[in-house]
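Following this line, the structures themselves.
Paired with subunit B in one complex and with subunit C in the other, subunit A is shared by the two complexes that follow.
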Partner chain A sequence: MKINRIIILFCFFLICLLVQGRTQELPSNQECKHCHSNPNLKKVLPDGRVISEYVDFDIFYKSIHKKQACVYCHIDATNFPCKNLQKVNCQRCHYKGNLAGAPDLIKYKEYGESVHGRATALGDVKAPMCQDCHGSHYIFDKADTLSRTNKEHIPQTCGTCHLNIYDIYRISVHGEALRSKHILAAPSCADCHGEHNIKEHTDPKSKVFLTQVSVTCAKCHANMELIKKYDIPVEPVETYKESFHGVAIKFGAKTVANCTSCHESHAIFKSDDPRSSIYIDNIPRTCGKCHPGASENFAKGKIHINPAKKEAGIIYYVSQFFKYLTLSVMLALIIYIILDLRKKLIVKRKGEE
Partner chain B sequence: MFFSKKKKELEPKVSLDKLQGEIEQEIWDDLTKDLSLTPHLKEEIKKLVKERAREELQKELKDRYAELKEEKVEIPPPEVKKKEEVMYPRLSLDVRIQHIILMVSTIILIITGLPIKFHELAWAKFFFSTVGGLQVSRILHRVGAAGLIGIALYHLLFLAFSKEGREIFKELLPRKKDLKDLWIMLNYFIGRKRERAKFGKFTYVEKFDYWAVYWGMVVMVLSGLILWFLGTALRIFPKFVADIAKEAHSDEATLATLAIIIWHFYNAHLNPEKFPMNRSWLTGKISEKEMEKEHFLEWVKIQEEEEKEIETKKAEEGKFKEQRGENIL
Partner chain C sequence: MEEKIMIERFTRSQRVQHFLLLVSFIILIVTGLALKFHDSWFGKLVITLEGGVIARGIFHRFAAVLLIFVAFYHFFYIIFTRYGHDEFLLVLPKFKDFKAAFQSVKFTLGLSAEHAEIDKYAPPDKFQYWAVVAGSFLMIITGLVLWYQTQAMLVLPKWAIDITRVVHSYQGVIIAVVILLWHLYIVHLNPKRFPMSRIWIDGKVSLEELKVEHPLEYERKYQGVADENK
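Moving on, here comes the complex of A and B:
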C-alpha cells in the first residue's frame, strides 16, 4: 500500500508542477490588470503618436470575449514588461475549422477582397483591420448598443477615419433620421457601401458603382414596407427607370445621371431644404453638371413624372389624349378591316356557288 | 384550193410565205406601174398589204382546218397571242423614291425607338447588344430622323414647286365625296348596297394614310427635335415642355407603329387582293383591273382622254394624209 501512496503523491506533485509551470508561462488577466487598469497608462509610438493602453476591464468582462484571457490574443505578451507587442491577428482563432468554436464566416474572405483589405495587404498602416472597426477589447454583438458595429454607431466608427464624409452625413436626411430620430431603417454607411465587401466606387462590383447606385437606393426606396411606414415617395425609383437617364444606365451608358448625380451621395436633403442639391434654386447648378448652360428653365416642371397619375399635371392629360386617340383610331380601323374581309368572303363564296 | 392536201400537211409555212409573196408581188407590180413612190410611202403600203394578205390567208387556213377536221386529222390550233394586261402609270419615279426614303427612315426609327419605350422586355436588351450598344442605336435613330425630316421638307417643296406635286396635292385634298364614299362602302360591306363606291384618283383610304402621316410628322418631328436639342430647347422653353415632348413622342410613336402594322399592312400587303404586296410602290403602275375597281372615275377619265387623243391624232393624220395626197398628185 505504501507504494500506492508514493505513486499518488508523485502524481499530485507532477500535476502541481505542470499547473504551476503553465501559470508561470502565461500571465493571468489579473496580472495584466495591475498595470492596464490605470487610465493614465500611455504609450508613445515611433511616429510620435501617443495612444492609451488603458483597458476598462468592467466593460471587457461584458464583451463577447469575456472568457478569453488577454494572452490568447496578445500571444507575445509573455514577459513583464510587455513591450513592442504585435497587432493582434484575429484569424488566429477565426479560421475555418478552428477548435475554439470561434465563428468563421465568408466575411474574412470578403474583407480580403475589399478596398480596406487590399490596402492592408499592400502594407498601408492606416488601412483598417478587424479591430479598427469592431473594437479591440470591447467587442459586442452588433445588436448590442455598446457595439461599435451597432447600426447607430457605424457612422462614428467609419467617421474615425472618414471624418469629412461623416461631417456631411450626420446632418443629411439619412444621418438625422438615424442619429436624432433613431430610425433604424435609415441607412448608415454600411447599408449603401457594404460592410466587409466595401469596394472603391470605380469598381463595377461596388454597391455604389454608377450603374449600381439606383439598385442600392432602391433597396429602401422601392421597399413597400418602408415606404408605407415612413411615407417615402415611391415614384422616384419607378419613374427613374422609365426616364432616359434610367434607360441609358440600364443599357450600359457611363455618362448618365444616377440617383446621386442629382441628390448627392452624402449631402442628401429634402427638396424643400435650401441646402439640398435639388432645392429649386440649386437645380440649374445641379443639372448644369451634365447639361452645360442649364438655366432656371430646368426647374420649371417636375423631375420624377409618372404620366399615368394626375399629379403629373399637363403630361397626364397629354398621355390620356394619346391613349384615347390610339384606342379609338385602332378600334375604328380594325372594325373597318373586319367588315371589309367579311364582305370579301361573302363575295368569294357567292362566286364559287 | 391551190394546193394538194399532202403538200399542205408537210410544209404549210413555206407554202404560206410563197402565196404571200406572190400576192404581194402582184399588187406591188400593179401599184408601181404608174406611180413613183417615196421610200416612206412604199413601206407603209407594204405594211398594209401584208396585213390584208395575212387576213386573207388566215381565212383560207380556217377553211382548211375545217376540212382537215372532217377527215379527223389533228392539227393544233394556232396559238393566239395573250393580250398583255394594260397597265396605267400611277406613281412617278420621284414619288416612289420619296416613299422608299420615308419607309427606310421610319423602319430605322421604329426599330431603334421601340426598345427604349419597352426597355423592360428581353428583346430590348437583345437589340442593344446586337447593334453594339445604346450609343450606336441613338446615332442610328438620329440618322433615321434626319432622313424623315429631310424627306418631309423635300415633299413640301415638291408639292409647292413641281407641276406633278401640285396636281397630286389637289387630288389628295379631303372632300365631301370621301365621306359619302365611306358611307357607301360601309353600306356595301354590311350588304345594304350592291355597288361599291366609285373612286377618283385617290380613295379615302389613301387620303387617310396620307394625312395621318402629316399629323404624325408634326408631332414626331417637333417633339423629336426638342429631345434631340434638349439644351437649346430648354434655353427657350421650361422643362415641362420637354416632358410633354417626351410623352408625345413616345405615345405618337406607338400610334404610328400600330397604324402602320394594322392599317397600312392590311391595305398594302395582307389584303387578300394585294397579298403579298401592292407592287405599285416599285413599278409605279397599276393594272386595268385594279384601276376599274378602285379608281373607276380616274379610269373613265383616262379612257376619255385617250379617246380624245386618238381622235385628235386621227384628225391630224387625216390632215397629214390629205396633204400627202395633194403632194403625190
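Moving on, here comes the complex of A and C:
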C-alpha cells in the first residue's frame, strides 16, 4: 500500500512539474521585449528583403490590443529564438460568437469577394491581409488619429502598395482637402473604392465601374448639405444625367463618358488649375480622347449647363422662347379643335332641323 | 344610291412622297421624344424596345436619312416635273389666302354663314405644307450639326451646339404637336372622316366633297363637266 501511495504522490509531482514546465514555455511580453524593443532588430526574408522586427511597446500598450500577450497572436513564438513565424491569423479571435469578447463584426465575406481577398486566396503574397491595412502591433479605433484606418491616414495606408496613385491623389483637390485642410468630408480612397469590398474597376459590382462612377461621385456632389457647406457646384450631377453622356450611361451604353473620363479619377483638380484635365487649354485634348479631332471650340461655352437655369445664358433664353412657343402652339390648336367641333355640331343640328 | 364620282386629288408620286415622309416622321418623332423624355415610362419603353440608347440613335439617323432623301426627291419633283411645278405654284401663299383664312375664322366662330372661297389648297393646307418644309429644313440642318458634332465644332463654339440641341429638341416637340393635334385631327378625328380619310392611300376625293371644300377648284375644273352631265 505504502508503495502505491508513493507512486501516486510521485505521479502527482510529475504532473505538476509538467504543467509548470508547459506554462513556463510560453514567453511573456516582457521576455519578447528583451529583443524586440531594440530598434535595430532586423530580419532577412528568403527573398532578400530586410524587415524590421522592432516593436514600439509604448505605442503597443496604448493600442486596442494592449491587454493581449504577444503569444496570443504569435502562437508559434514558443521557443527562443522565435524563428520563421507564420503570419498572424486574426480569425483566431475575431469570429462570430468568440468567447474572448473580440469584436465579431469582421467583414471576411466582403473581403473574401474583394480584389484583395481573391488575390490572397490565389496565393498572391503581395495582396494585403487584415494586418496590412489595419496595422499589426499598433491597431487603434478608426476614430483615433494614430489608426492606419483613420480617414486622414487611409491614403497613406493604401499608398503603401499603390504608391503611384497615392502620389497623384496626394496633390489632387481631394487629397489636398483631406490631408492639408483636414476636411473630413473630402473623400479618401475608401469613399470611392469601398473598404473591405474593393473590386476591380472592370467588375460591374465595383463602385468605380464605368456605369457606377456618377453614382459614387453623386454621393457628395449631389449632397445638398455638403454642397452648401463647401460651396461645391451643384449642377454637374443633374446636368450630366440630362446630357447625351448621362442618358447613354443610364441605358447601359459602355462607350460614353462618365465623370472620370473628363475629370480624371485621381488627378482631379479645380478647373482653373492648369494641371486639371478640364483647364480651358486642356479641354480639346480631354474631349479628343473620345472625339478625335476635337477643336478648341469644345472649350467655348460651359459644359455642365441646365437650359432651364438663367446661368446658362443665351441657351436659357432660346430654351424659354421655345418652351412658350410650344405651349402656345398647343393651346392654339386645342382651341381650334374645340371651336371647329362646336361649329360642326351646329351645322349638323341645323341640317337635321 | 348614286355612284359617287371620284376625283384624283393626289397623284401616285405625291402619295409615295407622303408615305415616305410619314414613315420617317413617325420614326423620328418616336425615337426623338424617347430621348427627350428618357425618364418617363414612354422613353424607357421605347429605348428598351429599340435595344438601347446607341441603337436608338441608329434608328433616328436611319429615319433622318429617309427624310433627307424625301426632301431632295420633293425638291427635284417641284423643279423638274410639269405637274409638280404647277402644284408648287398652287401651294404658294397669296394675298387672298389671308382673306380666306379670315373668312374661315369668322365662319368657325359663327360670325358669318359663308364658306371661304378656297382653291385646291386651303390656307391651313398651305400653312401645314410650309410648316413641314420649314420644320424639316430646320430639323435636318440642326440634326446634321448634332450628328457631325466634332466636325461642326471646327466652326461652331460649344455654346452654339448647345443652342442647336435645344432648338432641335423643342422643334421636334412642336412638329409632333402640330401633326398630332392638327393634321391627325383633320384626317382622322374629323367627324366627317372618322376613322380615317383614305385619300393618302388612293389619292381620291368625291366630287361632292370637292365642291364643298374646294369650290374654286371645282368651278375651275369641273363646273363645265358637271353642267354637261345635267
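Keep in mind that, in the parts below, the second predicted complex is superposed on the first by the 316 of 353 C-alpha atoms of A that agree within 3 Å, B and C clash if a C-alpha of one lies under 4 Å from a C-alpha of the other, contacts with A are read in each partner's own complex, and residues count from 1 in each chain.
One rule holds in what follows: contacts are C-beta pairs under 8 Å (C-beta built on N, C-alpha and C of every residue); 3 or more make two chains touch, one makes a residue touch a chain.
This structure is a prediction, so every number in the text was calculated from the model and none was measured.
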| item | value |
| --- | --- |
| Clash or fit, subunit B versus subunit C on superposed subunit A | clash |
| Touched partner set for A:326, first subunit B, second subunit C, both or neither | both |
| First, second, both or neither for A:146, with subunit B first and subunit C second | neither |
| Partner chain(s) touched by A:165 [first = subunit B, second = subunit C, both, neither] | neither |
| First (subunit B), second (subunit C), both or neither touched by A:35 | neither |
| Partner chain(s) touched by A:298 [first = subunit B, second = subunit C, both, neither] | both |
| Residues of subunit A contacting subunit B in one complex and subunit C in the other | 247-248, 250-253, 291-295, 297-302, 305, 307, 313-315, 318-319, 322-323, 325-326, 329-330, 333-334, 337, 339-341, 343-344, 346 |
| Subunit A residues touching subunit C - in the complex, by the definition given at the top | 247-248, 250-253, 255, 291-295, 297-303, 305, 307, 312-315, 318-319, 322-323, 325-326, 329-330, 333-334, 336-337, 339-341, 343-344, 346, 348 |
| Interfacial residue positions of subunit C with respect to subunit A in the complex | 35, 38, 47-48, 52-54, 107-110, 149-151, 153-163, 166-167, 170-171, 173-174, 177-178, 181-182, 185, 190-192 |
| Subunit B residues within the subunit A interface of the complex | 116, 119-120, 124-125, 128, 133-135, 186, 188-191, 230-231, 234-244, 246-248, 251-252, 254-255, 258-259, 262-263, 266, 271-273 |
| Contact set on subunit A toward subunit B in their complex | 241, 244, 247-248, 250-253, 291-295, 297-302, 305, 307, 313-315, 318-319, 322-323, 325-326, 329-330, 333-334, 337, 339-344, 346 |
